[in-house]
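Chain nomenclature is as follows: A, B and C, assigned in order of appearance, with residue numbering initiated at 1 for each chain independently.
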Amino acid sequence: MKAFTSVSPRSLPDAVTALSRARQQGQHAIIVGGGSDALALIKERLIAPDLVVRLTGIRQLDGIARDSNGLTIGGETTLAAMARHDELRRAYGVLAQAAESVATPQIRNAGTLAGNLAQRPWCWYYRNGFTCFKNGGNTCYSAAGENQFNAIFGGGPSFIVHPSDTAPALVALDATFRIVGPKGERTVPAAQFFTLPTVNPARENALEDDEVLTSIHVPAAKAGMRSLYHKVMDREAWTHAIVSAAAVLRMDGNVCRDARIVLGGVAPIPWRLTEVEKLLVGQTMNDALIDRAAAASTTGARPLRNNAYKVPLVQAVVGRALTDLRA
Amino acid sequence: MSPQRASSAGVQPLTTVGHPTPRIDAVERVTGKARYTNDVQLPGMLFARVLRSPHPHARITSIDVSNAHALPGVKAIVTHENGQVVWGSGSVAGGQQYSDEIKKITTHRRYTFNNPVRFVGEPVAAVAATDRHTAEEALHLIRVTYEVLPFVLEPEAALAADAPKIWPEGNLAVNNRNEPQPQVQRRGNVEEGFKASDHVFDARYSTAFVHNAQMEPRSAVAQWDGDRLTIYTPTGGIANCRTDMARDLGIPQEKVRVVCQYMGGNFGNKNQNQDADLIAAVLAKAAGAPVKLELSRKEDYIGMHGRWPTVQHYKIGVSNDGTLKAIQLRGFSGMGPYRKNSGAIAGTELYQCPNVESIVTPVFTNKTVSGNYRGPEFPQGFFGIQSMMDDVAAALKMDPTAFILKNMTRKFRDDTPYTNYSLEECLLRGMEMVRWKERWRPAGTDNGRLRRGLGVSFMAFRSGVGRSNAVARVNAKGDYTIHVGVTDVGAGAKTTMGVIAAEALRVPLSKVQVVWGDTETCPYSVGESGSRTTIMTGYAVIEAAKALMVQIAEQGLPAGDRVLTASSNPNPTVQGAVRNAFGAHFCEVEVEADTGRVRVTRYVTVHDCGRIINPLTASSQIVGGATQGIGMALHEDLVYDRRSGVPLTPGYYGARVMTHQDAVAIENVFIETDDGYGPYGAKSMGESSKVPAPAAVSNAVFNAIGVRVKDLPITRDKVLAALGGRA
Amino acid sequence: MSPTISRRRFLEGTGAAVVATTIAGPSGAQGTADITGTPPHAPGARTTRISLTVNGTARQIEVEHRWTLAETLRDHLHLTGTKIGCDRGECGACTVLVDDTPMYACSQLAIWMDGRHITTVEGLSANGQLDPLQQAFIDHDAPQCGFCTSGQLMSAKALLAANPAPTIDEVRAAMTGNVCRCSNYAHYTEAVLAASRQTDRRRV
């Protein structure tokens, strides 16, 4: 590892100050939560920071708080804490399950929600140091390369898939992200936090270099809300989703009143299936409807050479998620 | 315990042998006290790292190390310009030991640093510095200019007339006599056999590059004391490693000491020296200080050796009743740019058949170097031929067990009898355990979302006897010491040797010390490879013990400080017969037709490994081998970017190595036998459990979905493609 | 392949060493005093003094900011029971308990551990008494090569502390971040279940 300085500020203003000062001095500063992936990137020399700002020591960023409008989850809350949180498990199953599906117990014990949401892609080309969009280059090697795990939706010019499990869950829950930077604070709907490569192919989200994702707000669960996260991996543990589905339905008896279905592992951002949602709302959930919804879930998919299998897989996963939620 | 049963009717019970015995070094293994190579830290020791080629094929036109040398803390740098040492065991031997004879004959040299470089990950330079981070930083200050050359990754493509030439002689790998020749085996006449057949089938199967991925990344600590070299290294063969080091460095054998106290897994490729050993030794000499060279996990994956990938074209002739008439194999093995090992493809010997022709071509490619991995040529060959035969049986609407029982080997190559024969018993016993007759249905019977399948495979595997050495000693107190040149790679050899010694000496195991893992204190041993340690070194232990008991009978126990010593150097042979281990595996899977997920739901193994010396560690060998085989069948692949020749999936995450949640219980039965050879009848075991596993999984998946996935690994994308193609 | 040394040469050449080695301890251990060195800081590297508690003992150490917890434990505190198998959070050989929670020591910087309590495999057995898990690992032959064993033990230790009577699926889930390439998973899970039954009995 190239030498760097690591600081662990005790407060959010201290963190923001450290980041802006570094920027003013022309230093490359990075923010880390649990640190697992950041250290891997540094060891592979995919990034070479001068300053590592670690946020997990800031108490106000850690923890889950309830208010009349829902839950606020600090960005530095660990994935393990989320997975075992009673109310999350009960009322926001999709998020607790997504957190529990990440990597391994050791990584969930260290890894934080903000870190999971802002993690860099796991595309083979990026991780092996190819000079792609994500590594400061101006091409995407997966487009015509070994792309079995790459995007079938929303690709171009980069064809990464967003690696986060909690991201599709939070988009499905219509969460809001609170961001603090030197210019103050802003809130962004989850769906707008994640950005397509057409916006900036080097990035996956709307965070500026000196901004901190401080907390995530999830709106109060409405009566009849059911949710789940279904993740497909190519071994039984410690891989990212090949395809995943975060589904949140509001049911009134057998009738679907509201639906948000968001896919992971298939696009450079969490990929919301708006057309499928429209198809479900106001309808009685039965096998025929679920079949139609599953079939519609891949409308517009544009598979690459090696990932056409994701098309039937998405249909299967969406169908399975809806079937499980109906039960 | 896993469900373990033994059928021991065939052997006489013994006192220490055959009883479950915890490892004699178990406490060290569970307390962190066991000392592995990288744990060694010597005063003043430097740390070394290796710079590796980013190109699959390139000529180095210049290397500028001046900036790296200028970095404070850097003590020595070697490149092909100043540190060129022949790494004998890294190439040319075609699977044979790199001996002085071969060194004389071969013109094919692999050096520690080669120019041109021929695969991504080939060493280009190495740096020793006062600490690990400085060594690593220095690598990035070395300026290398390359003239990039065309490359080729796949063996069949490498044989094309217009393929880039990796060696001037061409890409057909040479053997140890410099001859570019395929490996040919023939009996009968296959063309006649096809004419005499009612049906002829042909198909192509392929297997992937699978890395050994032992948990301990390679490292080496080299220390010079004048002209004497001590090397700590994870080697399964301290004696061979010493010979290799001496030959490669041009120093007398007596000047080299090799130490390997504990080793974090082997699985092949370690019964000799490593380039890391040589580089560490050269750096230590240059720097005048001990050097620890460390490989990262990624370097271990791309810089070292794994199972050679294969392409296997079969043509099978068979009569209406399912009797084999002809077997033809055209196989190609990707060796990487150096022929470290044979590149053979086993399997045709599993069947009785009058007409057999096997032509296997090992081919140079610009992928990482292939070498031995747990049953070097067997799991991939057994997968190919047993998938093919399973397909033939299905085409003939035969139960695959009936096809196997009709056609499986009864004599070695239909000619030489086996020392004992239990293959049929293994199969029948396993069929009983899985209730084959009730559970098996023709392939593709299920049509729903969940499709159940049952598959079978079988094995016959070399278990030859041979030369090894042991020394037995006793002192006045009646404490016995056994010196064996083994290193315990994880299979439990130390304990096995102790158990055998206790039995032979007729004393409790607690009276026996085992000394291992250091060429200063141990005699020659064959080394831990080829499932030979128990058979060969174990037999030498018995012989040494017997000789010691003769001395004790004649002289009584020694008095005072005296020690009685006996040694053995037996070289037993089997006359007029072939010695094999036998076994059968049964795999049940559930395939989700909509998601392509394959889940192994039951796995049953039956093995004849002769007498079981230690049922406790033996069971671990079976569990581990079968589980590794399942992973080879379903997951593991070092994927290459075809446009750049860069490997994309090195490491446990990338290669999708099996985890706790992927593993299943392995139900095993040993059919114990004693054919009169080996120590108390023990036969080979370490590789036995691995070699039939991929075929069993492949056949189970085929049985579940009715379509064959012909290319390993059987990943979700291929399962879905197979099912899509069928619909 | 011929034997590389003759019997006579072996006995003459190495007799003294042989006698010395036979004095080693009562088990299969071969003692070697080969952990005696400690690497220096890189020239000019930024360091900070941290305090942490390791296996119940307060330690202070001047760390480079880039040092991982794993390399610090191994190289600088000489606690080599913690292994580095991948150095990327992919294998689990380096698992230690940080304030009783299993984490990958390769994926934490030492400087982040200021004020924390670390438990390594060396801290599992007290007063020469093996932890029930260690004994169960021995009885079920869970370790083969042993390189992943320390990490498996630490994950299992945390599991049983939180869940004294886990199911086999809970054991697999809790330990799935610990790869065993010898693939003796079945024996590891059996050992943990056996230890949990034993601990359970003892508690009752």
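Please note the rule applied: a contact is a pair of C-beta atoms (placed from the backbone, for glycine too) under 8 Å apart; a residue touches a chain by one contact, two chains touch by 3 or more.
Fair warning: this is a prediction, and the values are worked out from it, not measured in the lab.
Compared with chain C, the chain whose C-alpha mean position is the greatest distance off is A.
Just to note, of B-C and A-C, the chains joined by more C-beta pairs in contact are B-C. Between chain A and chain B the centroid-to-centroid distance comes to 41 Å (mean Cα coordinates, whole Å). Separating the centre of chain B from that of chain C, both taken as means of CA atoms, is a distance of 26 Å. Chain centres here are Cα means. That of chain A falls 34 Å from that of chain C. Under the contact definition stated at the top, the residues of chain B that touch 2 or more other chains are 133, 137, 653, 657-661.
For chain A, the set of residues that touch two or more other chains comprises 1-3, 236-238. Listed for chain C are residues 42, 45, 64, 66, 87-88, 90, 173, 176-177, each touching two or more other chains. Interface residues of chain A facing chain C in the complex, by the touch rule stated above, are 1-6, 8, 34-37, 39-40, 42-43, 52, 54, 56, 80, 103-107, 109-110, 236-238. Listing the residues of chain C that touch chain A in their complex gives 42, 45-46, 64-66, 68, 87-90, 92, 95, 98, 101-104, 106-109, 111-112, 155, 173-174, 176-177. Contacts from chain B toward chain A in the complex involve residues 133, 136-137, 140, 592, 594-597, 635, 639-644, 646-649, 653-654, 656-662, 715-717, 720-721, 724. Listed in rising order, the residues of chain A touching chain B in the complex are 1-3, 45, 124-125, 128, 130, 141, 144-146, 148, 232, 234-239, 242, 306-309, 312-313, 315-317, 319-320. Touching chain C in their complex are the following residues of chain B: 1-2, 22-36, 38-45, 47, 72-73, 97, 99, 130-134, 137, 212-217, 232, 239-240, 242-243, 253-254, 259, 261-267, 296-297, 467, 469, 471, 473, 475, 479, 481, 483, 489-492, 494-495, 498, 513-518, 520-521, 523-524, 526, 563, 565, 567, 569, 616-617, 619-620, 623-625, 627-628, 631, 651-653, 657-661, 663-666.
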